[in-house]
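Okay, so subunit A shows up in both of these, paired with subunit B first and subunit C after.
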Partner chain A sequence: MVSIRLEPIGKVFKADDGNLLEILRQAGVSIRSDCGGKGICGKCKIVIVEANATFSEISEAERKNLTEEEIKSGYRLACQTTISGKSATIFIPKESKAEVRKISDLYREAKIELKPAIRKFFVKLQKPTLADNSPDYERLTRIFGEFEIPLELLRKLPKKLREADWEITATFWKNTLIDIEKGKSEECYGLAVDIGSSKIVCHLVDINSGKTVAKGYEENPQVAYGEDIVSRVTYASKSPENLKKLQKAVVDAINGIIAKLCKDAKVEKERIYEAMVVGNAVMHHLFFGIEPKYISVSPFTPAIRKGVSFSAKEIGLDICKQGVVSSLPLIAGFVGADAVANIAITGVHKEDKLSMVIDIGTNTEIILGNKDRLLACSTPSGPAFEGAHMAYGIKAVSGAIDSVRIVEGNVEYSTIDNEKPKGICGTGMIDLVAELYKNGFINRYGKFKEKESDRIIFSPTPRFVVARAEETEFGKPITVSEKDINEFLLAKAAIKAGWMLLMRKMGIDESKLEKIYLAGSFGRYINVENAKLIGLLPNIPPEKIDYAGDTAVGGAKMALLSLDVRDEMEKVVQKVEYVELSVEKDFHSVFIRAIPI
Partner chain B sequence: MASMEEEFVNALAELDETKTLELAKKRIAAGEDPFKILDDIRKATDIIGKRYEEGRYFVSDLIMAGEILKQVMEILKPVIGEKRGESKGKVVIGTVEGDVHDIGKNIVIALLEAEGFEVVDLGVDQPPEVFVNAVKEHKPQVLGLSGLLTEAIESMKKTIEAIEKAGLRNKVKIIIGGGRTNEEAKQYTKADDWADDAAVGVRKIKALAGVV
Partner chain C sequence: MVSIRLEPIGKVFKADDGNLLEILRQAGVSIRSDCGGKGICGKCKIVIVEANATFSEISEAERKNLTEEEIKSGYRLACQTTISGKSATIFIPKESKAEVRKISDLYREAKIELKPAIRKFFVKLQKPTLADNSPDYERLTRIFGEFEIPLELLRKLPKKLREADWEITATFWKNTLIDIEKGKSEECYGLAVDIGSSKIVCHLVDINSGKTVAKGYEENPQVAYGEDIVSRVTYASKSPENLKKLQKAVVDAINGIIAKLCKDAKVEKERIYEAMVVGNAVMHHLFFGIEPKYISVSPFTPAIRKGVSFSAKEIGLDICKQGVVSSLPLIAGFVGADAVANIAITGVHKEDKLSMVIDIGTNTEIILGNKDRLLACSTPSGPAFEGAHMAYGIKAVSGAIDSVRIVEGNVEYSTIDNEKPKGICGTGMIDLVAELYKNGFINRYGKFKEKESDRIIFSPTPRFVVARAEETEFGKPITVSEKDINEFLLAKAAIKAGWMLLMRKMGIDESKLEKIYLAGSFGRYINVENAKLIGLLPNIPPEKIDYAGDTAVGGAKMALLSLDVRDEMEKVVQKVEYVELSVEKDFHSVFIRAIPI
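Up next, the complex of A and B:
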């Protein structure tokens, strides 16, 4: 047992001897670990300030990721370090802290006819008499016809009806009675949830009006168990306890958001009757606690495709006791209910015109088509757009450089919240690479040209100074190297190869594309001209590109409010042709040629 | 103004696919000796290799170089065919299971073809049985097993074991090639020779084939 003091937060706690990253996670400290604790990303840096304890020897991975100077000053990678002993004071540098990220507050509203699964009825029942002594349930069927009732509610039914003196509000989910309230109650809410691999977004929706009354978001706490979904699947597949941990982590986070939204909107959480959840197939499986292992290995099969509904209690979601948790259907192992939500809200499946929906993330989902034919693929763009694998790459958090311009050799940039820069996020990287190319600093493959500029450091390998030491938060320059640019171009190539192959399968080229919807919060902030220049997006006129914002939560909300939308989406997923890129014979050749700018 | 030769070397070294292919066609159309072009390819691949070692080129760049090289060889092959006399022998070559690196292999193929060998290229990430079948079918003098990864050594060993099992080991000389091969790997895999450099590899293959 070792007593640990964490600086600068000043938290003190006791932990068993063991791996430091694991100890910090269990203590509820969010620390960056993009690679999931494999010693690759080098983001879980910590500093051992003082200790009456022994630590594991500096590992190979640490020598790779830490400078000699850092090692001398006590820097370690938490994932590589085990501790045993009495006490230790550990400093967590600012750059190692996982932070809540910037999120798009734009989301699409689609007009739909309200036809929710949840319906509330105020009724006056006939009191039983000796002449009419039929059971309570039958009294209800006189009004509602035959219906289902959960045991727990049936147990309380006699008391509830009599306490209410037979004047009740009955709440149904489809044909199941899920709540009985005394007297007249009209308050009726639902929750639309998008579980992203990085963040969770929730809307509290008034089912009577179809309006969002409060919304909130939270970092997906599973990030602590691995940045990309594959590491999370690996972690979850190790033991049932691990799977449970990941399930609980995400449910707890959603419960946290629910509590906050209810407070903001002054709604009792017992008045939330259904939660409609979307997410990629892995997020979906982890949320429901379904073994996710087989999604990530060939032939990539999920446990179930169709939309499901279970009792909220079984999931552990903190809404009405007999409330329901539902999910939209999936398309395939790597194209999940979030992509289905994207289809629902953009309506591409109903249009004549050929549209593309592109949702950039760790996995980028692309949908191409119209009412006649829909193609979908998922491409492993990796966490490069989230800043992983790049020396100064960070997520879209406070202090991230999010846009860059180079004017006459001078760099102009903006940062999120106008803080001092501490790294470059995905949107900043798109601009940076495009600007470096436009201004003749790099060639198509992202290699620096021989060019006179005090911004380029040539030794040992060329790097470009984006922000000088005196400008940054940590007093060291923020630079970008050829290796960083290569990583970024590889991520871009994965996406470009995805849409190129879909277009080829559809038998069209860019000129036939009538619309691009940029889905997800990342799409919201990208500079379209630069994205087109580097080949991240097809080259089509800007008026045909639509920032669709947080489409996934919008689609979830539509499904929450309309059973017709749910039916429609079940039909759509049957129709969508899923294209598994890894088995496309041209993929390799297309991918390689998609790398250069 | 750079000569066409220099331009060609630069285009290939800079991974400019269109320009490299265009110049290769131009040079052949101008009646240039294809062996001179092969020599320039060697110069360009030297530059690419050096940039890789310096940490300025990455695996994806090597793959692209391999893609371009393959096409240049397609253009050169018919012309080289005209020039060369009798086949000096047959070589089967491929990248072993679990590895997709082919730039070194493609250079060796280019050079061997330039020397007048008939070469069967099995491609990348090939399991032992593909090598066994190819040896049965083509009856080469030499079999080349290529791979860049450390793990490739294990696959090479497995492949050679499979060839031994099929009763073909005394019918063919085997050379392993790639950045991680050495004398120790040769003994471990029970190969006849090894090479971590394309030019050395070609020399050793010639020796194994009995061509001096």
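Up next, the complex of A and C:
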């Protein structure tokens, strides 16, 4: 056993001898490792400050990824380094920390019959003779019937057929021939893509088996052009060049993921024939390069709702030359293809029982219904949940307090990556507000009660100390004020008003609600009991609440694998009644009543 | 009556007072006049050298097209000038002469119901509101139903609709939206294109009226890469770059014609929405950039037979950004879309009566049949008819002897543009051989008889003097040898064997043949009686022979204006029985018997 001290966190723990990356991971420390510990990416740099231990020799991979000077200063790649001995102090440079919480792997893999748009056929064609000199295309129609063919492929068709000596594998996307390979080729892949406003998640899917063979994610580089969606739309709408820049940024990021996934899974990019993309309406428009301006201004109108398919080449996606990029349909300007993916994977549109899907994010999308009727709405919850208006609110990044318990007046909390706390994120706030209420610190309206506790400071304004100065990264206490709690309760009220209005429109109350699916990463980490207590979620028994996990990419994968799912979703979006909350007559009164705990 | 002397030709003739361009045309003098006599192109410059006559005042159009100095020197535009008086000597500058025989204007304008692929609709859309914020595309489907939309246009759709304040003209190609204009726009044009191996002919067609508003032609610049088709295929097949070069050459030439036609007719290029292209299989493949190699080697297989439609942008054609380029289908490697156009315009596929369409060119395509059955074949006649293997054979250019009569032992001939003779072209050879035979100079096999005439030279080899040394441009006699006549009879035999075999396959003889359509420019200038005499055409009464004229571009225009015609032609090419002469058992014996006059 080695005793390891991590700096600058100051965390001390014991570990078995072994690989440092493994040791750090097991200790819950998020370290960047894009290549998955193969010594390729060079991202898992650490510095050995002092040690009473022995380390493995500097490897070839380390020499490639570290400078002479770094090596002299004690830099290593964690993935390349094994440790054995008594103790070591290890410094983790800022750039080696994985700042974004890792994507949640969990999602329901709905059982579907494979019926992909992409099909591959190996055929032996009759060679032309003087007695039978039908053109090449017509020769193929003898087997395949009439089909479409892109000009680019038609141009090369004669050569390809003859070079293959008329034994070819033909790849079709629906009824369009998109590739001709020499001889027999069965490898057939697709890409499921969820473009989130902060994260892009891709699954490389084997079309033959329906299995994900590799997955990866990348921060959405559009963040550089605006943290929130509205500022990206504003940027993109300023000029066609700006729009192109944002389009290229996201496409480049996906191409980067594709390259990595193909390498990991040993798949050729040319064997990826279709990408199925989901995302909210703005992400969708920006990805395809469609003017997004009018989504973000009243009356919030996207350019198109139905699912589209365009050539990968036109979009710039680095897959098979004649490959296709498709999207699931949208429901409305603020209920995007990601919400449709949520419907696909939860199957709410096919069930008798009344279910609700809640995807809490920058916008919270809520779907309510069953096979007979579906309602959808969107509420802007993001800023509060992402801590925008709170003194110590932060996103779900390393060091964010993500869960809180108050036990006998003492605060117990956890932080992401077990770092020293830097602030409090959405899931932490849910817990905190619920715990403050349960423990009699605040009333239903979030006002502090007169209560004896050294955690409460009443001047200059009433605040509750979540983490004391000595515990935090920056040496000052992390506090929550009445104003913060109020902001949070308003955001909660927006969501609650959303599902209350949907339930009222449906003519039901909580007792009739048979299921809640919590979609998205946020839902994955929520304390459901606390969420119910504060009124963020309808009050139904816990066994009726399901963490659906990363549903968006899962729904994209379903659509990738099944044309039936796509058809189903086109029908669903026709059927969904989109409820524009801002025009609902009694929205305001419902909202007001939704504020208290 | 004015007596006019033309220089440098030296021709003198009498004409009624009137417009000079008209007078020159009636006298058979080919003068350039690209704008059709509107005073726009400035191509019909002439010089009035001396005159005992009065001319119209210098017009505005002449001041625009002529320099001060030219006007002082007596230059006029023929189209702008009327003459009345006794006599005039007029000089025709070289640049005003039409060097390539002008395209034949004559073609049957078959009556068709307008049913174009392109349709324009002016619509006022409901503006989106919060209560009705359907996406833009779906808003359009309320009027048009589901339709396709290219990504490029979808990208701009939101802006275009709002800039037009929701009052737009939508242009559809079939079910694809290809353009959105602000407000009401009715202008709607298409382009009919015949890509010949030596000449490209375009008609700019008003889709609303079905009328040609401007036409033009240009030499096919691929000539620079090979006079004959096979050498172009050889060049193109050497590398993808070569193929691209040939593709670009013909596209550039068409773009040049488009620019000119648009200027002449005051039409914006963006208002041309579709181009319908015909041409033989090699021209078709080269235009679309499809590998043409296998058309020219046994078993002569094109890449595709059916009519295709691709985006103008992908091909590089300079019309509406989202415009479409279509082609009529081919029949076989040597019976191309131009032959299909011939069928369309003659209507042989719809009639009870048995008709034959003969299009004499580099290859001669022959169609025989009626609504019940259609046969097609192709024979390589070109080289001989274009004079390739004859000592004084030339193409149908200025100075070519294009008709011949032998009257009482004297030779009377005409030349193209009335220039001094430089050689003899195909139509001239038909006449010459027929006249030599009728006047007892040669026997059925083309051998010179022992006949007293100063026109016959027997040494070193027997030759007939068509034009004496003093008459020709180069001061030497133009003669035709037994070898030349033999070459010509072989070419004739190839054509005759073609239609004989078709007739035999159809089970008919000449007496059952109810119509012959002579297609193409060549057919326009043939002396039918002589052609029948030598066996080039079946021997049927002259009233049953029709000059169909420039049928290819006419057929393209029909297809441009009618989807029904396109459907019809797809069915026709399925039905046509292509007869590959080289595999017909008795082709050789039929051919041998077809040689004698």
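Going forward, the second predicted complex is superposed on the first by the 497 of 597 C-alpha atoms of A that agree within 3 Å, B and C clash if a C-alpha of one lies under 4 Å from a C-alpha of the other, contacts with A are read in each partner's own complex, and residues count from 1 in each chain.
Simple rule for what comes next: a contact is a pair of C-beta atoms (placed from the backbone, for glycine too) under 8 Å apart; a residue touches a chain by one contact, two chains touch by 3 or more.
Note that this is a predicted model, so its numbers are computed, not measured.
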| item | value |
| --- | --- |
| Partner chain in contact with A:299 - subunit B first, subunit C second, else both or neither | second |
| Subunit B versus subunit C as contact partner of A:592, first or second or both or neither | first |
| Subunit B versus subunit C as contact partner of A:155, first or second or both or neither | second |
| More subunit A residues in contact [subunit B versus subunit C] | C |
| Which of subunit B and subunit C A:482 touches, first, second, both or neither | first |
| Partner chain in contact with A:136 - subunit B first, subunit C second, else both or neither | second |
| First, second, both or neither for A:145, with subunit B first and subunit C second | neither |
| Partner chain(s) touched by A:541 [first = subunit B, second = subunit C, both, neither] | neither |
| First, second, both or neither for A:8, with subunit B first and subunit C second | neither |
| Subunit A residues contacted in one complex by subunit B, in the other by subunit C | none |
| Interface residues, subunit A side, partner subunit B - complex | 443, 445, 447, 460-462, 482-483, 486, 489-490, 589, 592-593, 595-596 |
| Subunit A partner contacts - residues on subunit B that touch it in the complex | 14-15, 17, 54-58, 60-61, 63-64, 67 |
| Contact set on subunit C toward subunit A in their complex | 128-138, 149, 151-152, 154-159, 162, 288-291, 293-294, 298-306, 308, 310-311, 314-315, 330, 332-333, 580, 582-583 |
